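Just so it is clear, A, B, C and D label the chains in written order, and each chain counts residues from 1 on its own.
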Amino acid sequence: MQPILSCRDVRVSFNGFQALQGVNLDVLPQEVRFLIGPNGAGKTTLLDVVCGKTKASDGEVLYRQTENIRKLQEHEIVHLGITRKFQAPSIFANLTVWENLELSLKQKRGLWSVMRAKMTGEDKGKMEAMLLRIGLMEQRHNLAGMLAHGQKQWLEIGMQLMQNPEILLLDEPIAGMSETERHKTGELIHEISETCSVLIVEHDMEFVRNFSKQVTVMHEGKVLCEGTMSEIQQNEQVAEVYLGRRESAC
Amino acid sequence: MTVLGKFWSKQTIIAAISAATLALSGCAASNALNEEDGAAADSSDTVKVGVLHSLSGTMAISEVSLRDAELMAIEEINEAGGVLGKQIEPIVEDGASDWPTFAEKAKKLLQKDEVAAVFGGWTSASRKAMLPVFEQNNGLLWYPVQYEGMESSPNIFYTGATTNQQIVPSVTWLLENKGKSFFLIGSDYVFPRTANKEIKAQLEAEGGTLVGEEYTPLGHTDYGTLISKIKAEKPEVIYNTLNGDSNVAFFKQLKDAGITADDVTVLSVSIAEEEIRGIGTDILTGHYAAWNYFQTTDTPENEKFVAAYKEAYGDDRVTGDSIEAAYMAVYLWAAAAEKAGSFDVDAVKEAAGGIEFNAPGGKVTIDGDNQHTYKTVRVGEIQADGQFKEVWNSGEPVKPDPYLETYPWAEGLN
Amino acid sequence: MDKKKLGYWLFFIALFLGPLYLTEFRLALMGKFLCFAIVALGICLIWGYTGILSLGHGVYFGLGAYCTAMYLKLEAANGQLPDFMEWSGVSALPAFWVPFSNPIFAIGASLLIPALIAAILGFLTFKNRIKGVYFSLISQAVVVVFVTLFVAKQDWTGGTNGLTNFTTFLGFSLASPLVQIALYMMTVIILGASFALAAALTNSRVGRVLSAVRDGENRVRFLGFNPTSYKVFVYSLSAALAGLAGTLFVLQVGLISPAMMGIIPSIEMVLWAAVGGRHSLIGAILGAVIVNSAKSFFSEAYPDIWSIFLGLLFIIVVMFLPNGIVGAFESWNEKREKAKRKGGTADAADSVVS
Amino acid sequence: MAVVITQLFNGISLGSILLLIALGLAITFGLMNVINMAHGEFIMAGAYTTYVVQQAFSHYVPAALFNYYYIVAIPLSFLIGALLGFVLEKTLIRFLYHRPLDSLLATWGVSLILQQVARSIFGAPNVAVTAPAWLDSGLTIAGAVLPYKRLFIIALVTICMVTLYLYLDKTAAGRKMRAVTMNRSMASSLGVSTKKVDATAFAIGSGLAGIAGCALTVLGPIGSTIGTYYIVDAFMIVILGGIGSLIGTVFGALSVGMLGTVAEFWSGASMAKVIVFVAIIAFLQFKPAGLLSARTRSLE
């Protein structure tokens, strides 16, 4: 199977600090890939590079093997089908839940198209289905800013899913969630992976253990190793830089 | 909820309140405008005139004194029995240094208060803004400030100097007494640009040379570069039409650059007694200004005028050219009304030609053709006490010629 | 028709009937204020809805006014050179003045030139992701550039005196009270239409994108929208509204000068929207009328106090009424309704009356 | 030759004046990200302080000592500016740290009030300040006169820069200030009282405006509106230099000063103003973060 996303020797530097020092990573279609690693390993920076928030100083980010998206703007990357959920909930607090989803509809996003856009029955159906899926049907006319923290996270995931992404980037999606919410989120992620690839940064090892197939470990701006969780746990290097220190916490 | 309650939804209440505020605020504004209306009832023994200057904003610095002088003249005339047996009732309005406001207030004075005449304005911009209002409503404006000429509205009387009563003779005086090479500096607006265009034509005709011409934006405060241009060109005379604050910066920095009144003569046309105090006498001493009136002008009328002005507004106040022009404007109007036997605008205009008045600055006469006044031109040297010493005058009042029609060299100018 | 719409209709009809209950003088004032209200609507769109604070709308207002004033000046000059050009030593009409003898071109230009300049400035700055206070300060620098240019190019623009002394518009005498009434009514209609347009825009999906841009421009990018084009659009629209207001202003007041496009008028324009309520279109209209009425009143009665009052108004609105009069009213209303829900219906009628 | 020297000097002199005006803003705006539109009125307050000190000297101090009034006026102007800044921070600014656009509007209101207050106290017309005699005349180099007043301002701004640098870099209070401006929450959790630091920083920035006002009295007018002549230029210089970079502000002021004098020499003052502002606006399109920027993406 051809990888849908390939990073080739991606480098990023901030004022001389090398945040990414040549990352290589392949993500296959419909794969759920976890990114783990100690703080400062460059996990979030890698997501930033893929979604266009941070521009790589060197290297290639290939989408479907052919298109180098390294220099595209954020919205152009979204148009290709790569969407991103941030760590802190980034919903629009002064719009209602319904309006948040409306903006997330897969649609032509040019000014002219949006000006003429009309809410079709099909769109409505899609949005209602999504509201049910993320459990916010009752809150649909509330301002998004008034939702509980977990609900905001769900709304944001819903907003990404509305766009039928090819690749979904998630940054610590379960932070601040209760145990049941975590479980639900884990199941949702696997449900999503039936239609798209998911790249997740996560610190919660139990969550990773329960829901991961492939895990990539990053350390000091590089990929340290890849494999299943059990393979990783047996890797001595990993244990040294990362798991070793966290063993008791897990 | 009741039907009524339902009807008064949030939005309707907002709209209703909006409408109410709208009406109220409109009234508030107009009430203020109407506050003089109560006095209109006994209009039989008073005649209303408008006094319209900037009492707030940037121009208030200059214009407040004009209002003071006009009110003083009105009071003096009233004490002497009024005009045509009626007391003059001044209605003071604030132009707020904002040209549309001048137009708005002029309209109010003419339409609402139906004043017989308005004394007001300072900047050309404010006069230009008021001009259509006076022409459309057939009102009478008395404008008391020296200006760039090229105007003669049938509804305006100009009691300040036009260019041939200030600039033209002072240039001739400079050419004869101070030197042939001129450097022109001015603030970047209408008066300096128009004045300098005339000066250039005059220099060419009378054998002077132009070595530089520079304009700086209003409020400009760094004259380093301009002064090095002056140094490079070594003029004998700097003709200065800078305005307001820029004068302070220019003179301070000129002195610092080592240029004194002994090296170059600077003649200014917008520095009067009041401005000298804000710049500092120490740096101005020895430079010149051209006006029609100085506080030191030696006439019996002026002695009385200066004493009365200080009596009324404080010992530390000084008079000046525009203040005098504002003062005499009221007297000229009163004399014209007396002669016409009526306050009717057309009758006053008709009667005004040839009216004479012994103003503090000497005898003035209204020119019936262009509604300007004959005035004596004076050049003064600034003294250490902040007053002028007159070094030259035209001897007799000069006939106003706003379009410079009697000067052959000015032919191509308009 | 829902009540909200009914309320707005009543409001605009009340304005439209102004000539019935306002004197000629007061009508002229109101006409001027309503021009300002159109500017305030545009400010509300970019500031309240999109989060762009422009301190340079005086320029767009002025440009619009100058375009129409050029036409009026040419009509008054009656085929000859405008008076100020004559005494500035210009011998022939500058080429760029020529098309302004056509009123349709002039009025079209009064909308399009501000919009175009706003689009160029907006495109550059927004594309480079300059926003917030940086944009505000740059817009202020643009004011300095335009005002200095308009003052310095006296032979083309009339300098500090500006353009004034017009006679007719499309052959009708501007001095005639009937023409002034017609212009007033036209202003009300255009204000109403601008209001309807702005309301439609803010209630559309584009409006929601704009709100989203205000709340989190970067997040909007990750939904696949390019905020630049939306911001450029709304900024240009707002500039066009200011230009339109300038046209109506110059027709009614008969005067435009660089002083009216300066930094202080530009900031006052923002104050109008702030006082009324930056998030409310009707608030912007109210704010413009109320602030300017207060200005007329105060500068009349207490000329010295006006600037202190204006200063306090800025501070009070920012500190205590961040959503302006309409915002204050809305939160008062919400409290009242909450209290009503608690207290039952018995005293509800009373509170409505009071 | 003399013209070249004079013009070069004029450029540096204008740059130094602009720097003196912008230096306070480099702290309040550059480091603290507060838009204080009343900064110009703190300049005005410094200028009026100088006027008052001069009046007091001419009335109560022996004439022989008159020329030293300026030595008293400089620190006093700083104190008055700092006091005004401190009060403004405590009453207004501190509520608006997260609403920069609102602080812009509120401080604009403050500036209107301060201007009117000054008019009520000192009257609408300008007041005259006589520069001390030891600043009269100038240094002559190759036929070019370098006025002592302008040299003095260059020296003054250099002293201010160096003092500021030493304060920020070498004292504990200064390091705290930098820590707060770099990472507010981190500094706060390390036990730095951010409130105190904010107030101090704002007072210092405002005090520098007071010094600028004092210096300007020797060159220009002293009236209630002098602050408005400089405020837009000063903000543009700080943006041009790069937010958060004092050295950037120095470069910004000097390049604006140089460009301004060169452009004025070739075209005239009005066009020079237009050219300078257009150049700044255009430059920011290419380099939105300014000449030097302490942060990677400061315009975000």
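Everything that follows uses one rule, which is that a contact is a pair of C-beta atoms (placed from the backbone, for glycine too) under 8 Å apart; a residue touches a chain by one contact, two chains touch by 3 or more.
Quantities reported herein were computed from a predicted structural model and do not represent experimental measurements.
The chains other than chain C, linked only through touching, come apart as A | B, D. Comparing the chain pairs A-C and B-C, the larger number of C-beta pairs in contact belongs to B-C. Centroid distances built from C-alpha atoms place B farthest away from chain A. Between chain A and chain B, the centres computed from C-alpha atoms are 72 Å apart. One inter-chain figure worth recording: chain A and chain C are separated by 44 Å, centre to centre, where each centre is the mean of the chain's CA atoms. Centre to centre, using the average C-alpha position, chain B and chain C are separated by 33 Å. Taking each chain's centre as the mean of its C-alpha atoms, chain B lies 36 Å from chain D. Multi-chain contact residues of chain C (touching two or more other chains) are listed as 148, 151-152, 218, 304, 307.
Counting partners per residue, chain B has 60, 188, 215, 217 as the residues that reach two or more other chains. An unclassified topology is adopted by the chain contact network, corresponding to no line, ring, star or complete arrangement. Contacting chain pairs in the structure are A-C, B-C, B-D, C-D. Interface residues of chain C, counted against chain A in their complex, comprise 204-206, 208-209, 211-212, 214-216, 218-226, 229-230, 233.
Residues 3-4, 6-8, 10-11, 14-15, 22-26, 28-30, 32, 84, 86-89, 148, 151-152, 154, 158-162, 164-166, 175, 253-255, 257, 259-260, 282, 285-286, 289-290, 293-294, 296-297, 299-301, 303-304, 306-307, 326, 329-330, 333, 345, 348-349, 352 of chain C are the ones touching chain B in the complex. Within the complex formed with chain B, the chain D residues making contact are 2-3, 6-7, 9-10, 13-14, 17, 124-131, 136-138, 140, 145, 147-150, 216, 218-223, 225-226, 228-229, 260-261, 264-265, 268-270, 272-273. Residue ranges of chain C in contact with chain D, taken from their complex: 53, 124-125, 128-134, 136-138, 140-142, 144-145, 148-149, 151-152, 218, 263, 267, 270-271, 274, 304-305, 307-308, 310-315, 317-319, 322. Here chain A touches chain C in the complex through residues 51-53, 73-75, 78-79, 83-84, 86, 90-95, 99, 102-104, 109-111, 114-115, 117, 159, 163, going by the rule given at the top.
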